[in-house]
Every structure is written in C-alpha cells, then in structure tokens.
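Have a look at this one.
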Amino acid sequence: MTRAELLADDPIWLILLKVLFIFLFALLTAMITVWAERRLIGRMQNRPGPNRVGPFGLLQPIADAIKMPFKEEVIPRTADKVTYRLAPVLALAPTLIGLSVMPFGGQVSIFGEQTVLQLVDLPVGVLVVLAASSVGVYGIVLAGWSSGTPYPLLGGLRSAAQVISYEIAMGLAIVAVILQTHSLSLGDIVDGQHGLWFGLSLFPAFIIYIIAMVGETNRAPFDLPEGESELVAGFHTEYSSMKFVIFYIAEYINMIVVSAMGATLFLGGYKAPWGIDQINNGYFNTGWWPMLWFIGKIGLALFFFIWIRGTLPRYRYDQFMKLGWKFLVPISLVFIVALTVVNVADQMTVTGWLIIGGFAVLLLIALVMMIPDRRDPRYGRVPMSGGSFPVPPIDLQIPSKPRRTKQARSRAGRRQTVAAGAKEGDDGVS
Amino acid sequence: MLALQPPTQAPIGAPEIEYSAILPILILLGAACAGVLVEAFVSKANRWAAQVTLSLLAIVAAGASFIFYVTDAPPQRGLTTLYRTIAVDRPALFLWGTLLALGLGAVLLIADRTVERGGAFVATAGIRPGTVQDRVQAQSGGMQTEVFPLTLFALSGMMIFCAANDLLTMFIALEVLSLPLYLMCGLARRRRLISQEAAVKYFLLGAFASAFFLYGLALLYGYAGSVKLADIANAAAGSAASDTLLFGGFGLLVVGLLFKASVGPFHAWTPDVYQGAPTPITAFMAACTKVAAFGGILRVLTVGFESTSWEWRGVLWVVAIASMVIGAVLGLTQTDVKRMLAYSSIAHAGFLLVGAIALGQEGLSGTLFYLLTYGFTTLAAFGVVSLVRDSAGEATHLSKWAGLAKRSPVLAAVFTFLLLAMAGIPLTSGFIGKFVVFQAGIQEGMTPLVVIALIASAVAAFFYLRVIVLMYFSDPAPDGPSVTVPGMFTTVAITLGVLVTLVLGLVPAFALDWASTGTFAF
Amino acid sequence: MTPTYYLLLSALLFTIGAVGVLVRRNAIVVFMCVELMLNAVNLTLVTFARINGSLDGQVMAFFVMVVAAAEVVVGLAIIMSIFRTRRTASVDDANLLKY
Amino acid sequence: MVGGVGVVAQTELAQTLAQSGSSELGSYLPLVFLLALGALFAGVSATLGALVGPKRYNKAKLEAYECGIEPSPQPVVGGGRVPVAYYLTAMLFILFDIEMVFLYPFAVTADALGVFGLVEIVLFIATVGFAYAYVWRRGGLDWN
Amino acid sequence: MNTVPAPMAAGTSGSGAAFLLALLLLPLLGGIVVAFMKDDRMAKVTALTVSLIELVLVVPAWIAFVPNGSRIQLALSADWIPSFGVHFSLGIDGIALTMIALIGILTPIVIGGSWADKLPEGRGAAGFYSLLLVMQTGMVGVFAATDVFLFYVFFEAVLVPMYFLVGRFGGPRRQYAAMKFFLYSLLGGLVMLASVIGLFVVSKDYNGGVGTLDWQTLSNVMDQAPLSTQIWLFLGFFVAFAIKAPLVPLHTWLPDATAEAPIGTGVLLVGVLDKIGTFGFLRYCLPLFPAASKELAPLVLILSVLGLLYGAILATGQNDMKRLMAYISIAHFGFIGLGIFAFSTQSIAGSALYMVNHGLATGMLFLVVGMVIARGDSRLISDYGGLSKVTPLLAGLFLFGGLAALSLPGTNSFVSEFLVLVGSYPNAPVYAILGAVGMILAAAYVLWAYQRVFQGPVRGNALVSVAGGPGTATDPAKVGIKDLGVREKVVLAPLVILIIFLGFYPAPVLDVLQPTVDATLQSVGLADPVGGK
C-alpha cells in the first residue's frame, strides 16, 4: 500500500492520537529548545545558564510556564482590542500546521493498525508548510499594528518584511528540490533521496535554505525586529503575560518547523544517516527507528540555530535585506535554471541551447550592469529639506572652513567698508 | 491536483506558433521589456532619448512586420495559433493596423517635450504634490520615462485583446492593457492631485469591472467547460446545461467589456479619467482603448454569442441608447474641453455599439471602420487640446477657448474640422463611419435604434458647435491662454490624425475594403 | 458532495465584494473588496474545474492570482500616492473631479 | 445563523468524508483538527493570562512603551505613517511570490515538459528578471 | 448627343460634363485661394472675378443642355465607395440647370452688394468671400449631384460655410442664429441620413440584391417598394427638406438666421439655399417615393398653405426689415410647396419657375433693404420715414422689388404664381383659393412696408443725426445721405432687367423646365392634367 492509502485508512482515534502527539511534540521540543538555548548560549559565553531549577536547570521552562500566567496583563490604551487579542492565536495556530505534513517515519503498526508516522501526506505538502508560515506573518503584523504604539508597529513591519523577503528565497530553494522529485508531497521527497541527500547534491539550494530559514524565523543573526537597541522587543513589545508566551512558543515552533522541513528536504528526512542505513539491510530504516533519525536531525538543526546565535553578531537591516533580495533570490533563480538544463540536457535541441546561451549572456550583461557605478547617488534626487520639517542629509559632513585665498580676502576687505559684521567671520586662522 | 499527475505522462510538446503572424506583438512586448531595461541601465540624462527611439523603432518595426505579413497573402480565413488562443484573422489584422498607427501617434504625443518643458509627465511620481520638492520638480526638465515601456505594454495588450480567441487570454490582455493605463493616468506633471485622483478612480472602477468580466468568464467556463469562444458558441447552440450560467456569464462578461469601452451606464469613470489624466495619455486611452475594447466586444458577440443574439440583443439596445443619450445630453453641460470630449466618446461608444450588435458582415466591417475613423479623430483632438495653455498648464476650461480663432486660426480650423468630424458632417471620416455603422443597423432591422442614434448625434453636435462658436464667434478673453507652437512630434501626430480624418472622409473606399475582407476565424 | 454549495458560496462572496465596492468609502477597503471578488471567482473556477473534471479551471485560477497580484501592486502604488497627499483614503474626499 | 450554516456544512463535510476516504478534502481533516487544537491552546492560554493574572491599575502602564520617556502622542492606528519602503517590499514580495507559484507546477512537471518547459521557464524568469533589474537599479532593494 | 443611358456606367461622362465639373470646382479653388489672401481688396476682386467666370461657365452648360433630351444630362460618374454603391455622379436636369444658373447670377451680385459691408471688427474680408465661394461649390453640388449619397454630402457640407458666414459676420445675435440654423439643418439632415441609409438597404430588395444610391436606378426601382416603407423613407427626406425650405412648423430658424446674416449671405440663404428643400421635393421625394408622395400630399398641402398664410400675416405686422424678408420667403415657399404637391403640370412648372423667380425678386428686394439699412443703420421700419424724398431711386427700386415679390403682372413672379394657382385649382381647389388670399396679403405687407419707410415725413435716427437734430431735416438737401451710387446701380441693374424680361418672356426658362416637370409628374404616375386624388 502506498503512503497515501495507508494514511487514508487511519481510523479516527489514530488521527486524534497523531494530532495529540504532534501538538505535544511541538510544545515539548519548544520548551527543551528554550532550555537548551539558554544553557548552550551560556556555555558559549562562559557562564552557566539556568542551573537552579532541577538538574542542569532542566525544569526552568516549566517554572517559567507556571510563572507567566500569574503576571499581570497590560493592554495599552491605544490598542485595537479585538485584533490585539486575536494576534497571538494567529501567530501560534498556523505554526502547528507545518508539522502536520512532516513525515516522522515510515510504515509502523500502532495497536495493530498499519499506518505511517505522519499525520497527513498531502500532495501539496510543501505548499502547506509555506502557506502556514505565511499566515503566521499575519499574527506578527497584526500584533504590531494593533498595539497602537510606534515600536511594535515598526517591529511588526520589519518582521513581516523580513519574513516575506526570505520566504521568497526559501521557496526558490525548495523549487530546486521539487525539480528532482517532481512531487510536492513531503513523503515523496523523502523517498526521492536515495543515497545522496539533497543537501549535498543540491548544495547551493541547501545553503540558501539554511540562510533563509534563519531569516524566516527572525532568529539571530537576523533578529532585527527584536533588535533591543532599536526597537525594544519588536512587535510584541506591548504584549505581556501569557500572550507574550504564545508569541515565544510560536517562534520556537516555527524554528522546529523549518528545521523539520530542512531535514526532510535536504537531509534525507527520517532516513538513517549514510552508513547506518547500510547496516543489516537497512534495518535502521524500518519500524520506529526513522523517527529517531528525524528527531535527531531536527535537533541538529536546532543546535545550529543556537550555535549561530551565539556566534554571529546581528546584521544591519539594510545589509540583511540586501542579502536576501540581491543575493539569495538571483542565485536561486540561476540555480533553478542550471538544474533544469542539467536535467533535460540529453534531450536538448539547438534552439534550446541557443535560448539558454542567450539567457546566460543576458545574465552576464545584467551582472556586469548591476555593479554599482561610482556616480553620486544623490544625482537627480530632489532635495529632502523643505517639507514639513528640515531633514539634514544622511551623510551630513560639516564642511571644513575653506582657506581664504588672497583674492578673496582682499574682496572681503573691500566689503568690510560696507558690511560691519564681516570682521566677526574671521577667526584669525589665516 | 497537479502533483497527483503521474510524472510519467507523455511529454507536453511546444504549441505550434505562427511566428510571422504574431511578430508585431512579440516585437512590442520585447521592446517594452527592453524599455524596462533601459530604465534600469541607462543614465537619467539619456533615458528620454533612448526610450523614444526604442518605442518609435518598436512600433515602426512592428508595423513593418505587420505589413510584411499582410502583403504576404495570409490565409483568407485567418488562422489561429498558440493553441487556438490567438486568432489572426482579417478583423484582428485590421484592428492591429489601426492600433499600431494610433499607437505611433500616441507615442509621438507622449514623447513631446516642447509643448510643456520636459513633457506632460511628472519627473518623479513618488513626490507628494504640493511640497517643496514638487515645486522644484515642476520646474525641472525631467520626465518619468517609464511611460514609454508602459505604453508599449498597454499597446501590445490591446493588440492581444482584439485577437484573443478565448476569454482567459482576453482577460490577461485586458489587464495587460489596463494596468499600465491606470498608472499612466496618475503621472501628469501639472494638476497632480486631479491626475492621481483620476488614477485611483480608474483603477478602482477598472478592477471592479474586470472582476465582473472574470466572474462572467468563470460562469461561462462552468457552462461550456471551456473558455474558448468557439466552444462556448457550440455549447450555446446545443447544450442542455442551464441557461442561467450562459446568460449570467454573458451579462457579467459584457459588463466588463462595456466598461472598458466606456459605454453607456458603465461610463462613470470616463469623464473624470479623461479630464485628470495627462492629455497624451487621454489621447492614447480614448483612441486605442476604444479600438481594442470594441475589437473584443465584436469578437465576443460575433464568435461566442451570435446564436443567442435573440436573447441579448434587446438588452444591448437599451445599453446603446443609454450610452448615446448620456453622452449627448450630459455633454451639453460640460465646461471643460476634455470632459466634453469624454462625453462625446461615450456617445460614440453608443454609436459603435449599434454596429457591434448588428453582428453580421456589415456590422463588423462598419464598426471596424468607425473605430478607425474615431481613433484618429480623437487622437488629433486631444493633441490639439494639449496645445492650448496658460500659465497653469493646459487651459481646458471652455471659457478660455473664447476667440481662439483669432489667436491661432490654424489651430482653431484644425480643431473645428475634428469636431465636425465627430459630429459626423460629410466630407469627414466621421460621417462615413456613422453611415456604415447605421447602415448595418438598419440592415439588421434596428431602424428605431438608428433613428435614436441620429437624434443623439444631432444633440451631440450641439456641444461640438458650442466650442466652434466660442472659438470663432466670441471675442477673446484678455487673459486667455496662448497656443503653443507644437514641436515636431505633436505636429506629426496631429497631422496624422487630421489627414486620416480627411482622407477617410473623401476616399474611404480602400479602408472600407480592408474592413470588409473577412470575418472572424475560430 | 454537491459542488453547488461552493458555487453559492462563491456567488455570495462575489456579491459581498461587489456590494462592498459600492458602499464602502475607503479606497483600500474598496480595493480589498475587489480582491474578494477575484477570489470568489477563483473558487468558482476551481469548483467548475472539479465538476467538469478538467484542470483548466485550476490553471485559470493561477492566472487570476497573477492578475490579482499585479493589480495589488499597481493599485497599492496608486492609492498610496493619493493617500500620502491627502492623508485619507476615502474615495469621497477625492472630489476634485466633478461634473 | 451563520454558525448554524457552518455546523450544517461541517456535518455534511464529515459525512462526505466518511463516505469517500480518498476524497482530497478528507485528507485535510486531520489538519483541521490540529489547527483547532492549536487555536484552542493559544486561545485558552491567552484567556488564562487575563483571568489568572493580577490587576493593578496604573495609568502609566496603559501608555505606549517608549523606554520610560513620556510617549509622544502619535496616532498609529488609523493615521499612522508607514515608511514607503515597506510597501515596496510588500509589492516585491507579491511579484516574486507569484513567480514562485508558477515555478512550483513547472518543477513538478519539468521532466514531462522537457526542453519546451526549459525554454518557457527561462523566458519566464528572464521576464521577471527585467523587472528585477529595474527595481535593483532604481534602488528598490536598498534600505536606508 | 449628351445623353447617357441610365443606369450610368462608372467613369462615363458626357461632353458637357466638363463644364459641370468646372462649375463645381472653380468656386472651391477660388475660395481656397481667397482664404489665404491678406489684402481685403485683393480678396474681393479675386472673388468677384471667380464668380464672374463661374457665371460665364453657366452659358455653355445651358447651351449644351438639350431641353427635350434625357432626364439627366451632362452626366459624369466615377466610383467613390463601391461597397455602398456610391458614385461620384454629377448631372443636371432642367430644374437643376436653372438653379445653377440662378446661383451663377446671384453670386457675383451678392459679392458686389457686399462690397462695402463693414465686417465685424477684426474679421477680414478674405474669410467672408472665401466662405461665400466655398458655399457656392456646395450649392452647385447639391443641385448637380445625381447620387443620393453625394447629394447628402453636399446638403450637409453647405451648412458649414453658411454657419460661419452667419456666425462670424452677422448681426448682434449671430451666435444664436448660427447655432439655431445649424442645429435645425443638421437635425433634418440626420433624419434624412436615416432615410438615405434605409433607401440603400431597401433598394437591395428591388435591385437584384445590390444596394445602390444612384438616383437614376433608384427612381426606376423604388416604386416597387410597399407603401409603408415608402412612407417612412419619404418622411425622413421630407423632414429635412421641410426644414430647409421652411414649411411652417419647422421654419423658426429662418427669421433668426436671415435677420442676423449679412445682407449678401441673406440673399443666398433665401434666394438659393432654401431652394434645396423644394428642389429636394421635386427631385427626391416625388420620383423616389411616388406612392408615399401621393398618400401624404394632403399633409404637405396643408403645411404649405399654412406657411403661405402664416408668413404673409407675420410679414404684415413685421417691423424688422430683414425678418420681413424672411416671412415673405416663408409665404413664397408655401406657394412653391402648394404647387409641387398639387401634382399638375402647370402647378409644378409654376413652382419650378417660382424657385428661380423668387431668387431674383426676393434677392433684389433683400439687396435694396440692405442698402436702406446701410444708410440708416437700423433694421427697424419704425426708424425710417420719408426716404423717397431723399433717395428717390432707392425708393423706386424698393417698390419695384416689392411689386415683383407680390407678383404684380409684368414681373416674373406673376407668371409662376399664376401657373401655380391655375395648376393647383383643379386638384386642390380649397388650397388654391387660400393661396390666392395669400397673394392679397402680399400686396398689403409690401406696400405697407414701402409706405412706412419711404413715405411721410423724413425720419430716421441716422438721417437726423447727420442733419443736425430731430425733426429738423425736412429739406432733402440737408440730409447727409446719398441716393444709390454707381456700384449699387450696377449690382441691381441685372436683377431689374431679369425680373422684367422673365415677367414678359418666361419661355426660355419654362422650356428648359417643362420636360423635367413632365418627367417628375410621370414618375409619380399621374397623367396630366387630370390627376390628384
């Protein structure tokens, strides 16, 4: 039986069980990640991190979870109340959707029922993940907007801009995978990775995906919306108590989703790492084993998140957007074309080559033209000042006092007879 | 669903494309894309020259390829290409020729920089009107040169629109032609508030109308299982499916089309947009959009719905009458030249509709010919309007036109001639146009409609005459506008329009022959 | 499953959108109503695609989406420009052009 | 009333699903369960905080958070000004997102389409590339 | 020898056709040349020269015309718009010939009569004379066209120069008058257009499936059309013609246009332009729609007689001399209409003749009125008095013109009016009697006007101001106005001669008219002289 048929046969109790599992998995992993992050970052920064509550501070997240509901909830006067309350729900709920299509493993038997370790295997699985993350943006924007205060608004906008910018890059990286598997179903994608994982065979796409995944989740070094030095805490500045927690959880579940997605797309999904899968005729790819590999890979990715957070300084916003739009997007597009060319190279016709050649030439020309020229960037720009309030130019330089030439001084001297104040302008340097 | 398709299915081959037939469109689209690149890579100082050269070359090249194709004896019945989505038949070719010629004139008007220093377009549209920057840029000689690629896009959209053989292609073409126009409306250098307002109105109403068109498309798809006009016609001829879908779809579809053609009760945007848009764009819209929209209407009515014409013709009668009456009567009260011409265009749309619903060979050729004549006349008329200026830009208020004949007899004479053409006085193309369209109408037994149309054109003549009266019989106002001496571009455009109006009025036979050489292929 | 429900729903959505365009005064809202209409059309198309058992309707929905996107871009630009000038997006305030 | 209709529709949906397991919509049902669970959790938690948490009124708390300084009265909702660059990004996103929407079906059927598909997609990407180059060169991708 | 068998083949032309073409094109070329002249005097001289050449050209055309030849002579035809069966066909019958001759005579006279006109400030003479000449082309075209489409083109095209002549060079309310004139004519024209198109469409049924607008063909086939079709088409043409030759309910534009038009323009307007209407009845309504003509004749007769009486009554009480001319014309057009639709040889011949005579007589009277106005600077009769003492020659000519207008025996109008009355009495006795009443009224208004202007004490604002105070000027020598000058005498002389000549010897014109009239009557299907209903 195929994966889809197996899943379709799931009785309702099994579905509910899986739903519950995914829900708990998400929450628990999020909590563990929070803990692990604090510990790891602490270690990286030569400090212990949480260590009071439980062994190694393991119970710290639980303590926090108990503490937060008892904090006072403050809603700003200016807030749009309904939207303000709705935003956290909108941020959290869709994140779980992403996990619903992830294949956690292969065929197993649960209480005698043959099934697959996956909630649903939709033919459009990849799109579901992308769509869910897009819906999540609404939560962010609405949170920022409905707070009715400047910092959250700007934070929300930044965050949204960031997420959608990197969603492009991410989506394009995924296209490369689909070009190989011809299916949007995540199960098929995992099945498609015989031997070499896509992470290696499609290395550029993998790199783009990794960068985009970090950007997509607003994580360091791309945590610009929450740049404390600029925007306090970004879109959830005005959120407190449990509502804040929900955003927090949402962020971590998002990390889990993109990690799981990355693992599925590029790291062979639930398949055992190369080497282990050779053992015992692929025994480690059967039964419940794949789940271990999958969760392990997610863990790896999460560690990577934490690692770079501890390692890299925060990007500047303009650099960040530049990276996304001017680097990742074009590279992805070129990679897609290149991949297609390779795929259909055997049936290529002369016309095809000509067109591809033309495309390459165009691309080269465009690349050359894209090199910024050295002209004055303000050329042709209308002066900014003169509006409602004066705005000094961004690169304001205080002009150094010009040295007066002899001629100028003599002219000034002549003028002295007329203008009495001219003398005060002389600073005696010359 | 797509993902469910087994990857092993038979390879999907490339469609047969008759490149020589659609070359004009390809050239225009290519040039439009090249225009975008010019915007990107050419320095600001050279952009205008580059864009004008590119646009004019593109239109001329498209025209050359068009002429080459036409003289190369294309199949008499016409042909369909690109999976039967584009029909290159005689009416389409006629409309293409018309559009290319009108487009050339419009581009010339757009490119003119002598009438207004720096052209009629704003230097940087992003600057807020009324600010200091705005005042600075009003003085500058710059121009938003994106207008040129936008024009080319719109023009190619129009060409596809009148050749589209299925509703989806038609819809895409509709948007390709509309979206640039929305933007171009908001780019006037002077009176930017009005210009922006025109753009918003045009956009909102335009999008509204295309939604109607689309819903009509969807219902017809449900009815016929295809959006190809021919398939819809087949289904309508013998289908058990519910007529609700057919006529609901038809109604919505036609509303969208009529809107674009600024017909009758769907005209609400026309006066505002014509008045607010930069005059060269108004000229472009008034001339080319009308041609394209009626090209589409003709094709849809004739190819898709001829067999059901009994059911819908009555409704379109009413629409045509409404359009003529609205145009003629409301035109009487206008005090602004551009608004007046807008109402005139609404009235003309009513006349055109008479020809369009006549169907048949005569209705087709008559409407095509009328479009040709009206396009050139209106193009030249707006060209003339752009020349009458005072310190605040164009002096479009009618009171300022008083005694203009004294200031500039040539301009007044040209404008009078054009107005007479619009009024349908013999020896102008407008008369022949009316004659052929009304002839088709009477031929199809629509005599009452034609009589109403004639009365409406008599009423409409009143407001044309009012302008003539003002120009010739009134004494000039002391602070009246001056008439700018047009540069070469505008002169050529106006001359083109006037000449065509005159020639088609005197010896229309050749154009009538072109218009009546064939029917739609599908 | 009777697809009629979907058709009715899409008709309802379309009507809501159309009425919204006619009665609402904020340009952005009007514009969103138009988008609603377009999406109602998409629903219709997809439903008909299922009824007819062909993919055409779905492909058309793609095109509609593209067009809707292009409209969003153009429309937002236009509405933005007027909004920045007037500090309001009400279409009633856009009254410089009158009869 | 609306709720009633919704319930009816859902019951029908469930029935339909029960009848035909292979229906495409049926496979989305678990997804709906998960979404509902997530929403429920989020909703409950959010309400929980409001119910359980203490309430100590302080006028300053209700003001906008601006790092302790007196917030400058500035309407954000309704008349708030948003930098144009964000709109630009939004528009760019829409365009490229749509590009992606076309790339996905292409990617799925790329092999079946063969060279024809390749040529088409190259033309498609090139067309979007023109716009992309335009935006790039005109500073649409630059943030200050 | 000049006959061309009908239907004419494209491109054929009789030997006399060249004259016709020249008659048509010469004024147009002249007009264009004049339009570009800077010097007023030069423009006048050129215009006069052109119009005289035109007059000379009429002579060979007249000679080439064979009265008893085929209906349309000097024919010329070329393809114009083949898809609508439209030809550029020219040709004349007797009526058209006389009308063209009338145009040829009146135009130089009008130019001479307008020679000293003061044009509104800032408007050059070049424009005026150029428009006059262009209009002449249009008028010749209207009468010479033998294709319905071409006829329509000229019919409408004439409006434009006339519109500018009235609107640009007319009196104080010229804008109003010009607009009214144009809109009335245009409305009529457009209604006629509907009929023209209808004619084309209908003709397909009777012409072997090929639509045509050739007059000869149409006149051969259209009598097969059913009555209802004919009536509709007839009405379209009729409305246009009834507006042109103002029949009563549609006449209101004429007094305004005449009153505001410059004198010369007014002469052409009532003298020639309005004849297009009556000419249209004869040329188009009757032959093309014989059944409808017969059916609707009573209606037209009623309108004609109404106009006849109405014009006469209003003329009687009229204080404005130019409006007086308009009402006189309305009365006369009533007569012409009566004659045409009485359907007898005499009455129609009388009407055709009346068209010429009215042009001469009213033209003369109009010119004299213009001379009076030029001296007194007022259009109102009440501003004048006793002028005969000051300007006896002018007074005499006014009386002469007036008597011609009221059809005193011995003047040309008498012949035609007599023919109309005699001809229409057998067919329409009541209308003929009412027409005779109109004749009596004519005597009243003409003589009364004469009396008020020329008899009694010398009055008149302009005159008095010259003489030095109200009521002081009883001595003609002290009044500062002169009798007719040489130019004015030269202008009026040909008219006087023609009026007297045709009054005593109308045969040359009647000979030309008669065959055409017979042919027209035949086409209606009525044998002479018995007929009617």
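Labels for the chains are A, B, C, D and E, by order of writing; each one numbers its residues from 1.
The definition used in the following text is that a contact is a pair of C-beta atoms (placed from the backbone, for glycine too) under 8 Å apart; a residue touches a chain by one contact, two chains touch by 3 or more.
Protein names from UniProt, one per chain: A = NADH-quinone oxidoreductase subunit H; B = NADH-quinone oxidoreductase subunit N; C = NADH-quinone oxidoreductase subunit K; D = NADH-quinone oxidoreductase subunit A; E = NADH-quinone oxidoreductase subunit M.
What you see is a predicted model, and the numbers here were worked out from it, not measured in a lab.
Please find the path from chain D to chain E through touching chains that uses the fewest steps, and give that number.
The least step count works out to 2.
Report the chain whose mean Cα position is at the greatest distance from that of chain C.
Centre of mass proxy via C-alpha means gives E as farthest from chain C.
Determine which two chains are connected by the greatest number of contacting C-beta pairs.
After tallying contacts for each pair, the winner is A-D.
Specify the chain most distant from chain D by Cα centroid.
So the chain farthest away from chain D turns out to be E.
What is the identifier of the chain with the smallest separation between its Cα mean and the overall Cα mean?
B
Please compute the C-alpha centroid of chain C, do the same for chain D, then give the distance between them in whole Å.
18
Roughly how far is chain A from chain E, centre to centre by C-alpha average, rounded to an integer in Å?
Once rounded, the distance between the two centres reads 90 Å.
For chain B versus chain E, what separation do you get between their C-alpha means, in angstrom?
Each chain reduced to its C-alpha mean, chain B and chain E end up 44 Å apart.
With chain centres taken as the means of their Cα atoms, state the distance from chain A to chain B in Å.
47
Going by the contact rule already set, what residues in chain A reach two or more other chains?
Touching at least two other chains: 123, 182-184, 369.
If you look at chain B, which of its residues touch at least two other chains?
In chain B, residues 1-3, 7, 40-41, 126 touch at least two other chains, as defined above.
At least two other chains touched by the same residue of chain C: list those residues.
70, 77, 84, in rising order.
Which residues of chain A touch chain D once you look at their complex with the stated criterion?
Checking each residue of chain A against chain D gives 4, 7-10, 15-16, 18-20, 22-23, 68-78, 80, 85, 88-89, 91-97, 99-101, 119-123, 126-128, 145-151, 153, 157, 160-161, 164-165, 167-168, 171-172, 175, 178-179, 182-184, 232, 237-238, 241-243, 245-246, 317-318, 321-322, 325-326, 329-330, 333, 336-337, 340-341, 343-344, 347-349, 351-352, 355-356, 359, 362-363, 366, 369-370, 394.
Show which residues of chain D lie in contact with chain C when the two form their complex.
9, 12-13, 16, 23, 25, 79, 84, 87, 90-91, 94-95, 97-98, 101-102, 105
Going by the contact rule set out above, which residues of chain C touch chain D in the complex?
Interface residues on chain C, with respect to chain D: 1, 5, 62, 65-66, 69-70, 72-73, 76-77, 80, 84, 87.
Where on chain B does chain E make contact in their complex?
365, 406, 420, 423-427, 431-432, 434-436, 438-439, 442-443, 447, 450-451, 454-455, 457-458, 461-462, 465-466, 468-469, 472-474, 507-509, 512-513, 516
If we count contacts the way the header does, which residues on chain B are in touch with chain D in the complex?
The touching residues are 1-3, 5, 7, 9-14, 33, 36-37, 39-41, 126.
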